[in-house]
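Chains here go by letter, A, B, C and D, matching the order in which they are written, and residues are numbered from 1 within each.
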Amino acid sequence: MSEPCFDIAHLAHVELLTNKFEQSLDFFTRVFGLTITEQDAQSAYLRAFDDYEHHSLKLTRSHTTGVAHIAYRATSEVALQRRVNAIEESRFKTLGWIEPGIGHGRAFRFEDPFDHVFEIYFDTVKYRPPETEKPKLKNIAQRYHGRGASPRRIDHLNLLAADVSEFQSFMETCLGSRVTEMIQLDNGRLGGCWFTVNNKTYDLACTEEHGGGNGRFHHVTYAVDQREDILRAADIFLENDVHIETGPHKHAIQGTFFLYVWEPAGNRVELANAGARLILAPDWQPIVWTEADRKKGQAWGLKTIETFHTHGTPPMKKEQ
Amino acid sequence: MSEPCFDIAHLAHVELLTNKFEQSLDFFTRVFGLTITEQDAQSAYLRAFDDYEHHSLKLTRSHTTGVAHIAYRATSEVALQRRVNAIEESRFKTLGWIEPGIGHGRAFRFEDPFDHVFEIYFDTVKYRPPETEKPKLKNIAQRYHGRGASPRRIDHLNLLAADVSEFQSFMETCLGSRVTEMIQLDNGRLGGCWFTVNNKTYDLACTEEHGGGNGRFHHVTYAVDQREDILRAADIFLENDVHIETGPHKHAIQGTFFLYVWEPAGNRVELANAGARLILAPDWQPIVWTEADRKKGQAWGLKTIETFHTHGTPPMKKEQ
Amino acid sequence: MSEPCFDIAHLAHVELLTNKFEQSLDFFTRVFGLTITEQDAQSAYLRAFDDYEHHSLKLTRSHTTGVAHIAYRATSEVALQRRVNAIEESRFKTLGWIEPGIGHGRAFRFEDPFDHVFEIYFDTVKYRPPETEKPKLKNIAQRYHGRGASPRRIDHLNLLAADVSEFQSFMETCLGSRVTEMIQLDNGRLGGCWFTVNNKTYDLACTEEHGGGNGRFHHVTYAVDQREDILRAADIFLENDVHIETGPHKHAIQGTFFLYVWEPAGNRVELANAGARLILAPDWQPIVWTEADRKKGQAWGLKTIETFHTHGTPPMKKEQ
Amino acid sequence: MSEPCFDIAHLAHVELLTNKFEQSLDFFTRVFGLTITEQDAQSAYLRAFDDYEHHSLKLTRSHTTGVAHIAYRATSEVALQRRVNAIEESRFKTLGWIEPGIGHGRAFRFEDPFDHVFEIYFDTVKYRPPETEKPKLKNIAQRYHGRGASPRRIDHLNLLAADVSEFQSFMETCLGSRVTEMIQLDNGRLGGCWFTVNNKTYDLACTEEHGGGNGRFHHVTYAVDQREDILRAADIFLENDVHIETGPHKHAIQGTFFLYVWEPAGNRVELANAGARLILAPDWQPIVWTEADRKKGQAWGLKTIETFHTHGTPPMKKEQ
């Protein structure tokens, strides 16, 4: 009777704000290894070597940091319209259609209850590599350049919300996302929730906001092909004075191998590798982690570092 | 208007025939690292440590080798019925429903034009690990035992067909599969075709039968988390007198890191790692490889070994 | 004028005491992946798959834990005698020759000022694999069995001493060891010292005893071929209820990738990978790390866990 | 009685000739990942990031290709003089002392019977990184830059000789090298011989010249820390139009993981990883491989590619 929703194809891009634009752009290109597709006065449009669209990261000059908007691509125009209808019929706030812009066609914008702006679209601009970026193998979007950490593709992002259950309702209603794993706190509240719209183990995570902020951002993650790419990246970050917050280690939740750093403006960025793990079961039952589980630390015992619970962007005043 | 089909969730299991049952079973458990869920007089039901269903490989005693049937799981009962309707309305041969059996509920069987038997079902038996196999992390199906090559999950299989275009038509019609990559021969025929029903880059490949056989099997593949797991497995295969046919190397097509061996009865088995590569674009355009492309060998230049073009199971008389 | 000393070839074996013999032996064989060469009522003689001698670990039943003796092999009989002469002429305590025993010929025993017993010998028993353990490639000592963590060879050990400078004098005088790296404390004392007799970056480390003990042992380390072997081992330790103390991470000192666990009786055991790093310079100048350096944590920022500074074997009463 | 010789510390550098200097230099710096220490009209002096001396590769403009000289560093001035005496007393050709030059002090030159020029020296110039190349960890020679394949250090070279036994005699007499592995042909001749002066499994290999040349060069090899670095480098070579000759695969002889490419002028260059394998036994007995052994191919069955037996530099006329 009830069928899984397949209207949304995948997380498409994230717009990050930076108050240190030049340093952030240098980090994302030279050290992290993304490539600029296009740039205007306000923003640079970046992507990993196998991201097939025009960009997966829009980096925008600002007086602050954090996330400006999050975009998902629909599986078709028909599916897009179904989602728009569902959102408009819901209790969540809509912002209406925006005109086609750099990198994709018209998009429908809406907000979660914590002021994060989302958009969905189908019509897109696929990346066409210039001659110097053409790959030798025609099944990757761009040549493997090996510059910096050189991740393959955008993987997921993590947002902070004062009420994770409410955020879950938003994701299920508006995007048709499925919950793959969650943290159930002893006080009955959800501590975190991991969502996916496809076979990836997650494309968005939401964890509880502890700093009293609103619309805050925790991190964005790019996927590398091998765990060794993360170990190698750790040396690159070390040599380039990038703040390594925690890792490399393996998450207990989702089992992903991870490394967290802060880009120069303070936005947290992760490199991750999920191995061959996918959510293939159409009737996957969410994995529920308790506080007792969480006290064991990460998969191999690493204790979660304090800043991981407190630092988000933009930072709260007390953190600054 | 036209929307991608999401009726089928994933490749579920493959039934392999062996005329050396004990040796084959020893290989698949002790050396390859699968685990037996259940066994009866005729068959052993096996799975990789993170396969969530009762089995992904049914190994059956026989006077011959090759594949007995291929099973896919539907995304819902409704989707299953849609597929059955589509198959029944097609020109392809149906075999009707089979009763619930070991590992899953009722299934609908049908055939491709080259006598390979397929089945689809939704109702399944999820793996429940006995006490000794319970994982320390609750998000994997079974503990990581580290025995033999210990792959994570079934990945794909490869069948031989005299007419790959006809096989393509079968896959699109019956399973709603999408073509992700293909080989276009100079003579206008398709040399091979790679299919998927989800975000995996492929779950089934079909390559041209050169030996005059029918219903033949080329290989079944399990996915490991890292390329290093494949290099390590190569040493394990070497030490256990397993015939290593070719690899480790990287496929040009699909970019997968691979290693091919023959299990004791002669069925070809692959270990593979796709890194973080997924097909996320809902409107992915098939990559077309020409004969000229293929002449360059695999990604890093390895020439495809002759037996790869000739050996299938059951073997043709001339090969025996 | 002064030439480097080449009298000692390499660290040969370590004798560990355990008050939980059966559990320790199960750990070292099934989980850690060593192989028993021989066993008598008191001890089991174990080695890694490519250790070329009879044993690199002697595991001995005892009422306590810690190290019973440490053995190095000389480069020749002549070199052995030179070392014995040097030791006898020194101020360090000699225990004299012991008769040929299990695994090697006569050995000369002596003590460091902190009651750790050392021995040196040249005449040895090389491992001869039984039929079932013969490798397919004749240049490794034993087949690659892939059981548990399956390290390749013994790498180094770490001892605790109340006066690291005094220990340094002992190592230089008795073994002709070179210092490759050291920790210089702000109070003028040495906090730790890393020694080698060959091209390995170190075969023995000595760190300051903070618990008031004497003759205590910090850890013994085996080398794996790849960092991925350590990540894989972490999952094996997790699944087998082995206490993972810290890691995997990369040491700042020596740059080694590491993972520390406690075997069931409490002796600390490390898996390590040094990559291609060797000390090839015959006039290598010791690297000196300050307290300020150490405060940065390990290479990628991991803070050293408290127990690493306090736990040794046998444990001090306050720790028990 | 007889003691191993420790007069020579390690392979120090190789001088390669190129008739495509600019292309070769671009390859070695941008793609292979070496760094230029110094450059003059005739030569560029290059090193890997953890080579501690001024250079490990001298790349010299020429009308041809191949090796101009091979340098080893002695363990002390005294040891150097012992070697010089031994060489002068031998039947091998001496070229006398050369004055201190770029990168090291005075060196003694001599020739093998096949016209390869060797030199030994002790006094050296250690690499002092400029500010931009200073590492964050003080125990590596230069920062880990991650550019191109970025190997850690020079590993070994391979020369061709019409009579490998005669070459063996040269190496034992002049350098005090030990043989670790060898190929014994059915015709009684040596097919190849692997030598070391320290704990590395080999620093020089000599294989039989099949093309009738003299003084020819087969390849020079740099070591990377992990096998994954080699897989990653394969993609970099592919994307940069570098001719990949064979690999990645594992050698049966010495068990090294390898990848062979040709730099633009045709000199063969290898990346290799030996894992944790070292020759620690002071009385190591050479491993002898027969023709029957060799027919099995490399460790995992790869057949040696034809050019590997025929291509050397400078090429023979028939090859050109």
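Simple rule for what comes next: a residue touches a chain if its C-beta (ideal position, glycine included) is under 8 Å from a C-beta of that chain, and two chains touch if they have at least 3 such contacts.
Keep in mind that what you see is a predicted model, and the values were worked out from it rather than measured.
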item: Higher-contact pair (C-beta pairs counted), A-D versus C-D; value: C-D
item: Option reproducing the contacts of B-C, where over half of them reappear, out of A-D, A-B or B-D; value: A-D
item: Centroid spacing, where centroids are CA-atom means, of subunit A and subunit C in whole angstrom; value: 44
item: Separation of mean Cα positions, subunit D and subunit A [Å, integer]; value: 46
item: Subunit C-subunit D separation of Cα centroids, rounded to whole Å; value: 32
item: Residues within subunit D bordering two or more other chains; value: 137, 226-228, 235, 238, 299
item: Of subunit C, residues touching subunit D in the complex; value: 1-4, 6, 9-10, 50, 52, 73-79, 126, 137-140, 151-153, 155, 181, 198-200, 223-228, 252-255, 273-278, 280-282, 287, 289, 293, 299
item: Interfacial residue positions of subunit B with respect to subunit D in the complex; value: 227-228, 231, 234-235, 237-238, 244-250, 257, 259, 299-302
item: Touching residues on subunit A, where the partner in the complex is subunit D; value: 135-137, 143-146, 148, 226, 228-229, 232, 235-236, 238-239, 241
